[in-house]
Every structure is written in structure tokens, then in C-alpha cells.
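Note that the chains take the letters A, B, C and D in the order they are written out, and that residue 1 is the start of every chain.
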Amino acid sequence: MQVGFLGVGRMGRAMATNLLKAGHMVRAWDKAVTPLRELEKAGAEIASSARDAFRGDAVISMLPNDEALREVFIDGALLENLNSAAVSVNMGTVSLDCVDELVAVHAAHGVAYVAATVFGRPDVATAAKLSIMAAGDPDAIDRIQPLFDAMGQRTFRVGALPRQANIVKIAGNLMVACAIEALAEAAALLRKHDMSAQEILSVIVTSLFNVPVYQGYARAIGLQEYEPPGFDLLLGMKDVRLALRAGEQAQVPLPFASVLADAFMDAMANGDAHKDWAAIARVAARRAGLPE
Amino acid sequence: MQVGFLGVGRMGRAMATNLLKAGHMVRAWDKAVTPLRELEKAGAEIASSARDAFRGDAVISMLPNDEALREVFIDGALLENLNSAAVSVNMGTVSLDCVDELVAVHAAHGVAYVAATVFGRPDVATAAKLSIMAAGDPDAIDRIQPLFDAMGQRTFRVGALPRQANIVKIAGNLMVACAIEALAEAAALLRKHDMSAQEILSVIVTSLFNVPVYQGYARAIGLQEYEPPGFDLLLGMKDVRLALRAGEQAQVPLPFASVLADAFMDAMANGDAHKDWAAIARVAARRAGLPE
Amino acid sequence: MQVGFLGVGRMGRAMATNLLKAGHMVRAWDKAVTPLRELEKAGAEIASSARDAFRGDAVISMLPNDEALREVFIDGALLENLNSAAVSVNMGTVSLDCVDELVAVHAAHGVAYVAATVFGRPDVATAAKLSIMAAGDPDAIDRIQPLFDAMGQRTFRVGALPRQANIVKIAGNLMVACAIEALAEAAALLRKHDMSAQEILSVIVTSLFNVPVYQGYARAIGLQEYEPPGFDLLLGMKDVRLALRAGEQAQVPLPFASVLADAFMDAMANGDAHKDWAAIARVAARRAGLPE
Amino acid sequence: MQVGFLGVGRMGRAMATNLLKAGHMVRAWDKAVTPLRELEKAGAEIASSARDAFRGDAVISMLPNDEALREVFIDGALLENLNSAAVSVNMGTVSLDCVDELVAVHAAHGVAYVAATVFGRPDVATAAKLSIMAAGDPDAIDRIQPLFDAMGQRTFRVGALPRQANIVKIAGNLMVACAIEALAEAAALLRKHDMSAQEILSVIVTSLFNVPVYQGYARAIGLQEYEPPGFDLLLGMKDVRLALRAGEQAQVPLPFASVLADAFMDAMANGDAHKDWAAIARVAARRAGLPE
């Protein structure tokens, strides 16, 4: 298939590379040039603009946040006077407000819009083992299923409204953040009882929580290694806010999310915005008077 | 080996049965007679008193709480004038205060004391797949390792001080309670956004949190089925308090544990003390104004 | 002095009436006609539009929220091609984001802008006993000080930047909301210990907290009377969000504010959005399993 | 009247001195000798033991905590074989568990027991302006009312069960702690928005919260002066725990109290146990990354 690809950061690059490996044609665009050059070596064409990438069978957006999407789709009026039958697939994490705007602008221009959020960090993306949550018009999803098959290990169809894919992503990310804070509190407790957080968290994630998401964070927190970041704490804060905002819209108090927002803000105010988001464990340690 | 066994509730019975299956001799005692009769059929001897069970190579305690242990070991003066070389192994979940008392009374009477806490619910115990965290004198642990091998799939040695095994258990249980609350908040968020918590939690625990502890609770919360309880909410409250108390002793603020204590108390005040502890999801739902 | 007055809800009407009593001329505007008619009887002129009210020595805005202000000042382009030397005085509670926009638009059109927030409910406004926190250009404040003297019992000058008046208001409102939640938790505790919350809260606000803000809410919570609302719970939620947002902008975790946001959302999800904001005490009572 | 007085710390000394001023005879006891010598100069007799002080018309206990009371009344068997018609009046802050034990031991020995808790710090006690909450047998309270009149400005009769006086004290102290945290969060917010917490909190406690309890803490937090302590942070933690424990006994979730417990623990873990309890504002500041 012919695929446009908007946004080739770490995740996007890995995903686009897997499309190429599976034999699809990729026409990529990004504001930054360096990652585009790398993709070019892997066989992608480089588009001169977002608009230039918007053709073929599908256009995948993997942009970092609401602002980047709005810049391209709303302010940039990407869809105006566009003659394209491509399905527009947004795979990034965005707010529900932004999803609603994107749905509206696609509908206004008669372009099919699918939301397909993913679970998995860049290494999982590279291994083509993402879990993909797709929502939107079933026919449109059918058409682009081969692309999902190239990028992920399984696609879950979670609803007919695009925003539903985003809600699943928001809920899942909130649960990951909760797991990190749980590890962080356990680590502080263990350390203040003169035990090795590294050893004991390892026991716990070998037995009870024998799953990669816990194992990775248990290792980081046990070793107190938060650099280089796998996922910036600043972005973790953004995800917690998306959850709180989704809660607000539907009137759902989320006390764990509230505690998390306070912990992330504490971390940022104390200089850790660009460490890995597991560095909220430094907040738990500081609260307990542990040495840094 | 010859093993005394104090406390044959659901967990204890499963564990003692596995000892019998592995060829060990078991001499069991409990305040309740019915479970003893069942064990007798499986080949165990029945002791006439806790004291009567305290002989052979090891005595395993699997009593429900601090009070039951104190009644037997402290008030019942179990160790006074006892002529026994048995290693005393406490495998139940107790407070650190109680551990300290047990350590002291064993030391005073020259009886070897090992703490060996477990992760796993009754079905896991039945399958002899418990994870065992042992702490205490390494020689004493060596002597009883065959028993652990018969009951669990893996033994982790977590320290030379018995209380360390209990701290690991307390930390692990806190993390399980956190996972439940995370599922509960996600479920409320999904339901109020008109999605099926059952379906979507299933997606999340098939992808990100692909581990039994999440899958079991995701199922219960998705189906809103909290009876019969696998683990009483009342006992979950006790575990959260053990964590808060352990935090207090070492001056470790545990904000997630504080939120949990409030949620468990809310559940109990609203009549759910004897439902499964996953029923704290009913609290999250009530806060969001969802129908019961 | 000649004063334009935009927004004559309960607060605005009381304030404008005091300006009239003090001998000032008032030219009032509001979207709603009924309150204008009442003010007319008290001696005010009625302006045909916000623009029509914008002349004389000062224009006071007492509009309900960010949206209303933006509608008039930004979308309505109130200040464009306006030939007026009036000082623009915003006395309502708005977000810091909105203040920044208002400051910018006034600067762009060369109109002096003063922020002057108030503490006090409608009865205090009627008695001309408001506390006024003014911020902005000192000369501009000097010019309108006679108006403040007519509406309040004391003016505090809190800074040279308009937003500072809003931060004080936001901080003060947060503290009032905290006082309500403290009363709510105390009431639930007293009731579940079989004591009269009404009697005992009365003791506490006669001794320790002998100040109207506590006495009013202690009375409402003691009597469980939340209607008619003095201040809608929905607006209380808005104020808590303003505090959280101000904390977010400056990276200040506010755990009490986070608890409050969850309590207000719980109240709204359970049908109390239009009761008095003291009705968050119903949330505290529900959590404790108390009958409604 | 003839009055025994157990415990002459700062509060007790001030109260006993006012009894002497009002013409009552005081026979004082304490473990510490120095404060007794001071009281002797003011006209008190010194008792050789708690038992020696237990005669006359009333015996007032103003001991620091549960342990001190238990040491004297329970372990010290103060009431055994005592021939005294004195009303025993406990005016200290104790746990409900301890109250219940004291009620039982007094009943067992036929000694009238009144609980009479107080609001007010040492300077208020010195000025004989305490608020006194008395609970117990009305006749017994009638007999000792003259003593209350000498020590306080007003006595509130809050119930027939002694523990009710303690619940009021616990609820009131919780509300004071909430006020401190509210001031602390407001101060952090103001400071990070480049405003003077000292000036602005002063505005807020001159207008909205015009009452000594707020004014004193606003001053301490504004000046960041927490030494010497008026009330040790360690004791503040004890009071918050009494509230949480009272909540636990009656199944009342108290989310503000939970946040407070975490803040107090944070402060203690970071070295502030013996500063004034207003030093929880240092926790709020640290969370916001403010310099110490």
C-alpha cells in the first residue's frame, strides 16, 4: 500500500520502518530533517510538506501532542481543497478535545478518520509488537488493517467513535503511571527498612508482577537510573493531565491520578522534567528523607 | 520430614496437602475442627493442641492475623518448657510489631524462627506454585528448604532478619491493592465514557498488563462480580493498614496507600466489608455517580 | 464620578447600588434585562451595549467567568476604536490565562487596566464591607480609589501586575474551600460518633474559628441545608480548578486542592452541582455511609 | 476548692496558676521537678506522688499523652485502695482507646470521671481564656464548674459520655491542622508567582480569616519562622493520627487527614519533628521546588 507518514520521532520512525519492511511504500514528513534522512536510507520517500504526504491509501499521523496536530490539521488547513481518498489515521496520544476537533474537520472535508492508539515503547515498536487499539468506521479500519498488521502484534477494535481509541490509551497510560508510583512507594518503604529496593522489587516483578511494564520500571527504580529517558517525565505529566481532563469531562473523580499529578509536578519543580517518568520515584524517596 | 502445621484455613490446607503429597508427615492443628477432618482424610495426623503439633523438624504457622498468633505464641506461652528442635516457620501475613514480638519470644526460648511469606491465592497454593520469600537464619532456612520446594515454585531469600520477609509481603500486597484501584478508576472512566469496562479492561490486561493478578481483578471489576470473595475487603483493609504502619515506623509517606485506606473504609462504611476486595471499584463507581 | 458597570448579577447589583448611594453616576449593562430594571429604579442609567457603557471615569466589569469576559472584551472587540479615558477595572474571578489576555488587549489599545478582586458574598457587598485586593498601575488605582471606598471596607494594594490581584483571590478562595472540607470531615466524624454536628461545630466556630466564613458554613453543614445556594457548587469547582491551574503554571503541587477537585466532582456526578458548595459535606457523609 | 494537679508542663502550669489566682488550693505533681518549684513559688503545694495529689475536691490531669496517663492511672494503679471523693478531671488530649480504659478503671473504683478538653495554646491558658469542652456526669461537672471558670472563658457541655469531649478536641485539632496546610499551600502558590507570602497571607487573615488561629500560623509561615515551636510538629502528627484512628473506629474516611499525615511524616523524615507544626509549610515549599 501507499502510506503517508506525518511525524517520525522515535516511535514513528520504528513504525514507518516496519511498514517499509512489509513492502509498503512510505512517503514521510516531519519538521525535523535528520530523522527523515534516516528513513530515506531505509527506503522511504521524503515529502516536501504535510500536504505532499497526504495521498495514497492512508496517512498515518504520529505527532507528539495536541499542538503539533492542530498546527498541521487545523491551523495548516491540511484538508482544505485536498483531493485524496486516503484514510487519515491518527496513532498519537491526544486529548479528547483535540480528537473532537479532528473528527469535525475530517467530517467537514469528507476524509475518513480512524484513531488507532498503541501500547508499547520504541523497542516494542521496532519489534513490530505494538498493541493497537483502533476505533472509527469499520470499513475504513478494514482497508488499513494490513498496515496495523505490519506494525503491531494485535489490533483491538474498541469502538465506532474515534475518541474511544484515545480513551483506551488514556486509561492504559494512567494505569502504567499508577504502577510506577506503586513501585516508587514500595521502593521507598524497602529502602527505609534497610532493604535493597533493587533486589526486592526484582523478587516482586519475578513473582506477582511478571510482566515487562513492571520489570522495566522496577529495574530503573531499583538502580535509580532515570537517564537517558525512555519517556520524558514531562510527557508523563501530559498523560496524567489527559486522564484528569477525561475524568473532568465525564465527572469521574480519579484520586490516584490526582496524587500522580502532584507527584509529577513535584518532580518537575525539582528539576526532573527531562528524566524518565520513573523518576517520580525520586519524589517518593525525597518525601521519606532518603538521600538522593 | 515431620512437620507441625498450625492453621489450616484455605491457604494452610492447600499448603499442608502439598506437603503430604511430597511425602512429608504432617501433624495439623486448628481451632476449627472441620478443615482438620479434611486434612486427616488426605493423610495428616490431628494434633490435640498447638503444643502437641510442635515437634518434628519444623512447625509451620499459617494463622490469620496478629491476634491469632499472639493467642498461641504469646498468651498461650506455646514455647515455654517446650523441648523441641523444630524450626518455627511463620508463613502468614502479620504486622512488623507482631514479628518483633515473635522473634523475641523465640529467641528467649532458643527456638529457631524463620519468616516465610507467600504470594499467591488459594488456587496458586493448591497448584504448589506459591512464590515464597524467606528471611531468617540461613542454616535454619536450609533445613526446611525441602518444605518450601513442596509448597512453592520458587523461594527467594530476602534477608537475615525475619521481619524482612514480612516487609516484602506488605510491599507486594500494597502493590496489588494499587493495581486494583488503578483498574477501578479506569473502569469508572470507561463506563462514564459509554464504553464497556469489561471489554476494554480485557484489552488492557491482554496487552500491557498480561499477568494473572491484573487479569483476575480486571475480570471481577469488568463483570462487577465481587461475591463470593476470594479475599475479603476487610482483610484488604488490614493489609493496607500494615503498609501504612510500616511506613509510619520508618517515616515513609505513602500517598497511594492513604488513598486506598480511604477507599477501603468507604467500602466498609457502605456495606461491602465481606465482598472481595476488588469491590473498592464500587467506591470509584459511586464517586462517579454510576448506578450500582 | 461617572462609572460604567458591566455585569449586574447579585454581586454586581449590590456593588453598583453602593456606588449610587455614594453619589456616583452609574451606567449599567448586562445581557439580562431584569436586573438592569432594578438598578434603574435605584438611579442608574441603562446602557444599550457594553460599548455604550464604556465612557466616563471608570468601567467596572463584574462578569461571571472567563467566557463572558472574552465574549465582551476579545470577541466583541470592545476596545477597538474606542475613544475613552476610562480606567477599566475587572473585579470578577477569572483565570490567570484570561487575565493575561485582558492585559494584552488593554495594552494594545492604550486603555488603563486594573484588577481588583473582592472577598465577600452578596450580603457583604450589600453592606459595602467587601475586602478589595487591587493590582495594577498605582496612578490608575489612585484615580478609582473613591469607587473602592464606596463598595468596600478596605482596599489592599497587592502588586503592580493585575494578575496578582487574581492570584490573591484564587488563593483565598482555595482556603475557603479547604475550610468547608475541614468542616465536612469533622461533621462526618462527629455524626458517626453519635454526636450532633450542628451543636459541636457551633462550639468549634464559637471558640477556635470565631469568624463569619466558618460560622456560615458550619451552620449550613450542621443543618444539612444547602438550598438555596449562596454560591453554586459548580462555581466552587471552577474556583478549585483556577487554583489547580495556577499551581500548574508555576509548578506548585496542591494536594488539598486535588482532594477538593475530587470531592466537587463527586458531588456534581451525584446531582449536587446547583446546591451550595458547602454540599461537598454530602460527599464526606456518603463516604462514611451516613444516611442522606 | 482543693485541687490536685497532675502534669504541670507549659499548659498545666498556666492553668494551675490561674486556679491559685482564683483562690483555690493546688497540690501539684509532675515527674519533672523544675516546673513544680515554679508553681510552689506561686503558692502551690508539691505532692510527693500522683497518689499524694489525689485528694480534695478534684484532681485535674494535664499529662502529655496516652502513655503518661496509662503509666499513672493503669500501670501505677493510682485508683486502687484510694479513699477519695475527688472528681477526676482529665483535660489532656488522648486517644479514644485510652479514654475508654480510663472510664473503665474509674468506674471500677467508683471514682467520678469527667473529660474536659481545651482549645487554646499556652498564652491563651495564661490569660484564662481557654475554651473548655466538658463531658461526663452533669452533677460531677457542676461540682467542678468553678475550676473551669478560673481557667477558661467559657465551658461548653458537649455530652454525657467523657469520650465526647475528646472527640470534639480531636475534630477541632484536625481543623486547625487543615487550616495550617491550607495556609502552606497558599504560601507556596504565592511565592512561586513571585508574591510575598508574608504580605498576602496577612491580607487574607485580615479580611477573610480574621481570627487568631489563622493569624498566628499565617505569620509563622509568612516569616518562615518555626522555632522555637509553640507546638511540636511531632505532637501535631500525634493529633492527626488520633483523628485518623477516630475515623477508623467509626469508618469515616478523612481524605484531608490522610494528606496531613503524609505531610507531617514528610516533615519528620526531613528533620523537622521538633519545629513548630506550622513547619509542614516547608513540605509544601519543597514540593514546589522553592529554596529552603
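Note that in this section a residue touches a chain if its C-beta (ideal position, glycine included) is under 8 Å from a C-beta of that chain, and two chains touch if they have at least 3 such contacts.
Every value quoted in this text rests on a predicted model; they were computed, and no experiment measured them.
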_Shortest hop count from subunit A to subunit C along touching chains?_
1
*asked:* Counting residue numbers used by both copies over all numbers at the interface, does the subunit C-subunit D contact come out same (over half shared) or different (under half)?
replied: same
*Quick check: more C-beta contact pairs in A-D or A-B?*
A-B
_Inter-centroid spacing, subunit D versus subunit A (mean Cα positions, whole Å)_ = 53
*Where the centres are mean C-alpha positions, what is the separation of subunit A from subunit B, in Å?*
37
_Shared interface positions of subunit C, touching two or more other chains_ = 247, 251-255, 259, 262-263, 265-266, 268-269, 287-289
_Interfacial residue positions of subunit D with respect to subunit B in the complex_ = 247-248, 251-255, 258-259, 261-263, 265-266, 268-269
_Considering only the defined contacts, which subunit D positions touch subunit C in the complex?_
119, 131, 133, 154, 156, 158-159, 163-164, 167-168, 170-172, 174-176, 178-179, 181-183, 185-186, 188-190, 192-193, 195, 199-200, 203-204, 206-211, 213-214, 243, 246-247, 250-257, 259, 262-263, 284, 287-289
_Residues on subunit A engaged by subunit D in the complex (per definition of touch)_ = 255, 262, 265-266, 268-271, 286-289
